[in-house]
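See structure below.
Chain lettering (A, B and C) follows the sequence in which the chains are written, and residue indices restart at 1 in each chain.
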Amino acid sequence: MYVDVDGYEGPLDLLLDLARRQKVDLAAISILALAEQYLAFIETVREQRIEVAADYLVMAAWLAYLKSRLMVPQAPNDDEPSGEMLAAMLQFRLKRLEAMRRAASQLMNRPRLDFQVYARGAPEPIEIARNNIWEASLFDLLKAYATNRERGISTDYSPLLRTVWSLQDARDILQRLIGDSFDWVPMDSYLAQYLTTPGERATVRASSFASSLELVRQGKIDLRQTEVFGPLFMRRSKSDPR
Amino acid sequence: MNDNDAEHAEVAERNLRILEALLFASAEPLAPSDMAAYLGQGANAEALLAELARRYAPRGVNLVRRGDKWAFRTADDLGFLLRREQHATRPLSRPALETLSIIAYHQPTTRAEIEEVRGVSTDRNTLALLMEAGWVRMRGRRRTPGRPVTYGTTDAFLDHFGLESLGDLPGLEELKGAGLLSGRLPSTLQIPLPFDGALREDEDPLDPDDLDGGRDLEDDPGNRAD
Amino acid sequence: MNDNDAEHAEVAERNLRILEALLFASAEPLAPSDMAAYLGQGANAEALLAELARRYAPRGVNLVRRGDKWAFRTADDLGFLLRREQHATRPLSRPALETLSIIAYHQPTTRAEIEEVRGVSTDRNTLALLMEAGWVRMRGRRRTPGRPVTYGTTDAFLDHFGLESLGDLPGLEELKGAGLLSGRLPSTLQIPLPFDGALREDEDPLDPDDLDGGRDLEDDPGNRAD
């Protein structure tokens, strides 16, 4: 699923654009300000649109976390990465993406074959002693195989129509299910009736999870996970004024 | 006067370079009038071409006049380098590519299995061609009724396609990731892991007379007197 | 002695003419090994090619090295004269261009690494398109759990972008120096390392040798059995 947010190619691209608007070198950028700008931007977009791609929401949740790590001093026995470390990592990724973009444009500005540089226009056939009379590349070979295997199945196969849970749907359903419950309940219990079809499990879980992060951010629900890969508990937030 | 000469020579050199590039890059012989527009003001295209032809005369490539047009051509005495048509390298045909790729992934595999995957019968020349190219070999015989010949790929195959081992052939997920397989595939579709060893447990070695002549390519396994 | 020198020069001249003819005749770059068979006994193809490149350097057509191969190409500075009006090739999309440069600078690199740098998943057609253009190829597999396919650029990529070797990639040394070609945070950022697995983004360095017996393999012994 890929939803275009104002022509950006993913959250990192959006962050890089926001960073450039700070009009300072990436090395001197304020990651905190950047995180705030990103969260504000996503909020504006969400007000205008129904749905934002999950990539952007995951980044928003991560930046909200980063923000909290940056603002709260690190406890001595806290073995989570420090806010500064997370910020440096983000800065590194932005610099790297920008460097790759610059490299791409430098490459395209080189004297390219058939644009500024030309090969012999009328090559003369010469006999070069090669080991092979036949020419074929690995790509040709793999393409032939893939095409062939796909052709084989097309006759007795009708494409599987996959149900995709939109984030909006997931959010509505979650809010309805959680209702006024202040008890911790595993997410999967709430979703039990939707998880019966194996094909839908992934989308139901993914969309519900992304939506729950958004609900947490808005202070509507609380989320708790006591162990890695353990069940995800959720409840209505006590601070939710609703 | 001396300065003037030097400048003159420099302009002429520049024009000669332009003619060289134009003639080299052109697919067709060019007339002086075709090239005049690219030269500096007042340049004498004919004279420049004559000078260029003089310089290239002793080289391996000559500038030759064809009617009123000019082109670079291999020097006559090096004509032996020119290829005779039957030696041209040709792209492998589609059926051959398909057959080769099926052998690569499904090896050890038999002719009947290749046909099953491809959904069409295999031209007997296709296998012969792949063996002649040195990419496919007979590995052994399957221990099933009819004892069909099993095929596999050769080291020359790995070498040509830049693979270190058969395990480097991308699997299902990677073919999808590279955009070669569409995402909408039934879960039953599987891509085999090619067998890389000498003989699999269901394979016998080839019979002593298997390797002379293409008899094994015959359709009818009943022909084999076991 | 003098006679010997003269004979020597004559042999060299003849070999140079042969190389000229072969390289002029071919539109594709040729490897010294492709041409060696046509040269006299004991000829040093590399030295002859270097001499030929030297002679053609000031001309309108230059002999250039592309990876391990050589080709005649029109001189860079004359491009403006030769610019052809219509190009059959469509311009690359921005994602494709970005993917290409990430592969060029980070090779050998995996699909997951490309996505990590771009921060977005790769459209499944992008890699197929770059491979079809002949600029990107599958190189092999990374020696890490899952053994993902690694991608790299081809000789045709060097030829298209006018690079003698990957070392000529614009800004390569600078990027390396800044640590921007590594998957890890460069130490110049003065951040207390390491942050073990806290961030999934932190991937293995590109040199496969670094990974032999590396921490990543030990972290999860279950993955070792493949």
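In this text, contacts are C-beta pairs under 8 Å (C-beta built on N, C-alpha and C of every residue); 3 or more make two chains touch, one makes a residue touch a chain.
Source: prediction; values computed, not measured.
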Name the chain with the Cα centroid closest to the overall protein Cα centroid. C
Compute the centre of every chain as the mean of its C-alpha atoms, then state which one is farthest from the centre of chain B. A
With chain centres defined as C-alpha means, what is the inter-centre distance between chain A and chain C in Å? 30
Chain B-chain C separation of Cα centroids, rounded to whole Å: 20
Taking the mean of the C-alpha atoms as each chain's centre, how many Å separate chain A from chain B? 40
Going through chain C residue by residue, note those that touch at least 2 other chains and give them in order. 21-22, 24-25, 72, 74-75, 82, 131, 137-138
Check each residue of chain A and list the ones that touch at least two other chains. 118-120, 124-126, 128, 130, 137-138, 142
Under the stated contact criterion, what part of chain C meets chain A in this complex? 21-22, 24-28, 30, 34-35, 37, 71-76, 79-80, 82-84, 87, 89, 94-95, 97-98, 100-102, 104-105, 117-121, 131-132, 134, 137-138, 159-163, 169-171, 175, 178, 180, 185-186, 189, 191-192, 195, 198-199, 201-202
Can you name the residues of chain C that touch chain B in the complex? 16-22, 24-25, 38, 58-61, 72, 74-75, 78, 81-82, 111, 122-129, 131, 137-141, 147-149
Chain B-touching residues of chain A, taken from the complex the two chains share: 118-122, 124-128, 130-138, 140-153, 157, 159-160
Spell out the residues on chain A that touch chain C in their complex, using ranges where they run on. 2, 9-13, 55, 80-82, 84-86, 88-89, 91-93, 95-97, 99-104, 106-108, 110-120, 123-126, 128-130, 137-139, 142
Of all residues in chain B, those that touch chain C in their complex: 16-22, 24-25, 38, 58-61, 72, 74-75, 78, 81-82, 162-164, 167-168, 170, 174, 176-180, 183
